Amino acid sequence: MNLINEWAFIGVFLAVAWVLPVLPLVVSWVFRPRKPNALKLATYESGVETVGDTWVQFKVQYYIYGLVFLIFDVELIFLFPWALAYNQLDFFAFGAGLLFIFLLADALIYAWRKNALEWT
Amino acid sequence: MEQCINVIETLAPCLVASGTDPGLAQFISILLGVLLVTIFPLGGVIIFIWIERKIAARVQDRVGPNRVGPYGLFQNVADALKLITKEDITPAAADRLIYNFAPIVATLSVIMIWAVIPFSPVHIGVDLSIGVLYFVAIGSIGTLAFMMAGWASNNKYALLGAFRVVAQLVSYEIPMVLALLVPVLIAGTLSMQEMVQAQLGMWFVVMMPLSALIFYISNLAETGRAPFDLLEAESELVAGYNIEYSGMKFGLFMASEFIHAFTANALFVVIFMGGWAGPGVEQFPALGFVYFLGKTMLIYIPSLILRATVPRVRIDQMMNFNWKFLVPLSIINVLVMAFLFKVAQVLSLTPPPGLETDFIANLPLTAVLLAGNIVMIIGVLTVLRNTGRRERLEAEARRADDVRAPAPTMGR
Amino acid sequence: MIELGPQSVAFLFFSVFALGGALGVVTSRNLMHGALYLILSLFGVAGFFVLLSAPFLAAVQVLVYIGAIAILFIFAVMLTRGMTRLTETLNRQWWLSAVVSLMLLAVLLVGVILPVWGEGGTNPNMPSTDLVATTVDLGVALVDGDQYVLPFLVSSLLLTAAMIGAIVVARDDTE
Amino acid sequence: MVPLWMFLLVAAAMFVIGAYGVMARRNAIAILLSVELMLNAVNINLVAFWRYVTPENMSGQAFAAFVFVIAAAEAAIGLAIVIAIYRSRRSVVVEDVNLLRG
């Protein structure tokens, strides 16, 4: 039952930690003045009137960074258990890990060669 | 006797002994532990901001806050009171629910990390078996908060700022986690407390300075500290993702940023500098607090001086530095360290069972790993120097071309 | 039925998250909200993993889904601007889809859940925690020649292929 | 204690919701979101069966890890295709994408 106990702590922690940022917001909600007007609530863009839709087209570079990050993140699902068990394993495990990382490094090298990592 | 593992288990038996219902006793002890642990970062933030302002002021030859309270210590309390009583402006175009949730999520993601940070051999919120992975996972929720803030503000600058922040954070998370793999590999554990215990013989910063350096640099970027403070590039993005925030919501973003900076350094201390380890800690666990905070200050204060002195990098430089330098380097680092560790194990250079905490017994392993690190560092410096020279020459050549450009080229 | 303990309360809590989030994903008009609902739902699933004493998977769930896949979805939503606010979210066959889904649910209830429900099914109680394989065992199994070393390497290959493929497809070569 | 069938029930409900989303939504990104839901439902089942039936060996968790890989690859490629289609057709509505129709 120790496992559940540990996570009960995390659960209570989450509940308490949730209250901590909300509390100042509530206090502020009680004390702060409320005098909104249309001009005040307008979007601020460096003193110039807002033009067009906010959701402007973004460049695909952001997606590519997110993509490479996702692939490396998933790789960690395997690398963390591998690293964790590493000192009980033999050289075969090192070889498997080497091959695993090498295959992924390949993808990184490809992206590099294709200039996909370039911030343009 | 009860083994003292964490706050829960030291308090609950006492309550049960004095006649409380076991379930209730457990709940009370958990709640108390939670309060103790959460109050630390929140109370600390007042001090962190004060330290930061004082140091920034010293660097810039100013005095810094000195009016409110002794040495201006209560300046931040006054600031917080001001923020609370400020009018809160929610732009009319904003997506209200997400807009209001974003600062809460940002703060939450930082405070939650403190649940697994060991303060001393017996004082830790909870020693999860996956502690290292836990704080990486919680840290990634922070990324989401920036995205929510930028998107919900419905402002081009905020959204652009949020996109840049997220791109920066996700990029630098890769070298950070790859650098973390090496301590996990050597210590063979993901639990924070065992990570500290694995360093009783030798700090990991000595065994693997390169991993420590990569972790430190990517932590700077993760917390948005100079020179990577593009998160709040006032000059380029009119403050970035939190431009539309005001009042206490803005205050929460600021507070979470300051807590995060300190937290990142605390994590560095736990994983690479032995956490609470120090002489006399076995007899007096409370000494662990002192060592832990002392070590954290030891690397926190240089990071503040760094923040006050270095200029901001350009975003393309930052991204190139990460993808073309840090990520390949950390991959090579993991492989080399894994290989050397296995070799050391086969040659039985690792400390024999029962002597893991002994300084002398750790020396052979340390020597092997350190030698590998030094070779890698020399290689890295060579590469850096050559690349730097090439880029400088290229830039100078380009400049010369620009100067000469208007005139028609002679000959050839 | 089931007694009310901390675990079952947590289970109900997480189910509300998981299913509420799932409903949000399929009904929300705004895709950004859809992505955030997905995060809520996946958070609930991470809670299930904790209850099933697989904390490693729970952490990975948060790390990979909330930290990476959700961010990727949000980037993609932003890149396909203009489609974030379609006037109608559902296609013409939505009622047919609903019927098919309900039939699928019925099939799942009869085929999967009934056999494990009650006396005739598998052990209804959770085996004790001591038996559970840990993350270290997962690491050992992944690089064991007799167990999962081949899937381990194939998944690496798959990830490489996915990354290269996605870069090729997503990049704008017109520049 | 939570019995096994409750986990399976939630997983089934989640799978069905995801399936409905895949069949009924028009936006390609929304369809991919629904696919993620279905994959997660599968993961709940895998881990639940592992925990109740064979907790002592690693198969369930290993399978779940491989499902993560599939989910990530699917999201990466799927979204890349959506972005590419949007670039050429200015639409992510699946009914508009009938390039291969005779």
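Letters A, B, C and D mark the chains in the order given here, with residues in each chain numbered from 1 onward.
Just so it is clear, a residue touches a chain if its C-beta (ideal position, glycine included) is under 8 Å from a C-beta of that chain, and two chains touch if they have at least 3 such contacts.
Keep in mind that what you see is a predicted model, and the values were worked out from it rather than measured.
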Chain pair with more C-beta contacts, B-C versus A-C: A-C
Message: On a C-alpha centroid basis, what's the spacing between chain A and chain B, in Å?
response: 14
Query: In angstrom, rounded to a whole number, how far apart do the mean CA points of chain B and chain C lie?
result: 29
- request: Compute the distance, rounded to whole Å, between the mean C-alpha positions of chain A and chain D.
  value: 20
Message: Which positions in chain D are in touch with at least two other chains?
response: 65, 68-69, 72, 75-76, 79-80, 83
Task: Please list all residues of chain C that touch 2 or more other chains.
output: 7, 53, 55-56, 60, 63-64, 67-69, 71-72, 75-76, 78-79, 82, 135, 137-138, 140, 142, 155, 159, 162-163, 166-167, 170, 172
Message: By the touch rule stated above, which residues of chain B touch at least two different other chains?
response: 128-129, 133, 159, 163, 166, 170, 173, 190
- prompt: When you check every pair of chains, which ones turn out to touch?
  reply: A-B, A-C, A-D, B-C, C-D
Chain A-facing residues of chain B, complex: 8, 26-27, 30-31, 33-35, 37-38, 42, 80, 83-93, 100, 103-104, 107-108, 111-112, 115, 125-129, 133, 153-157, 159, 163, 166-167, 170-171, 173-174, 177-178, 181, 184-186, 188-190, 238, 243-244, 247-249, 251-252, 315-316, 319-320, 323-324, 327-328, 331, 334-335, 338-339, 341-342, 345-346, 350
- request: Using the touch rule from the top, collect the residues of chain D that touch chain A in their complex.
  value: 65, 68-69, 72, 75-76, 79-80, 83
Field: chain C partner contacts - residues on chain A that touch it in the complex
entry: 1-4, 7-8, 11, 53, 55-58, 60, 62-64, 66-71, 73-78, 80-86, 88-89, 92-93, 96-97, 99-100, 103-104, 106-107, 110-111, 114, 116, 120
Statement: So, in the complex, the side of chain A touching chain B is made of residues 3, 5-6, 8-10, 12-14, 16-18, 20-22, 24-25, 27-29, 31-36, 38, 40-46, 50, 54-56, 58, 62, 65-66, 68-69, 72-73, 76, 79-80, 83-88, 91, 94, 97-98, 101, 105, 108, 112, 117-120
Task: Would you mind writing out the residues of chain B in touch with chain C in their complex?
output: 95, 98, 128-130, 133-134, 136-138, 140-141, 143-144, 147-148, 151, 159, 163, 166, 170, 173, 190
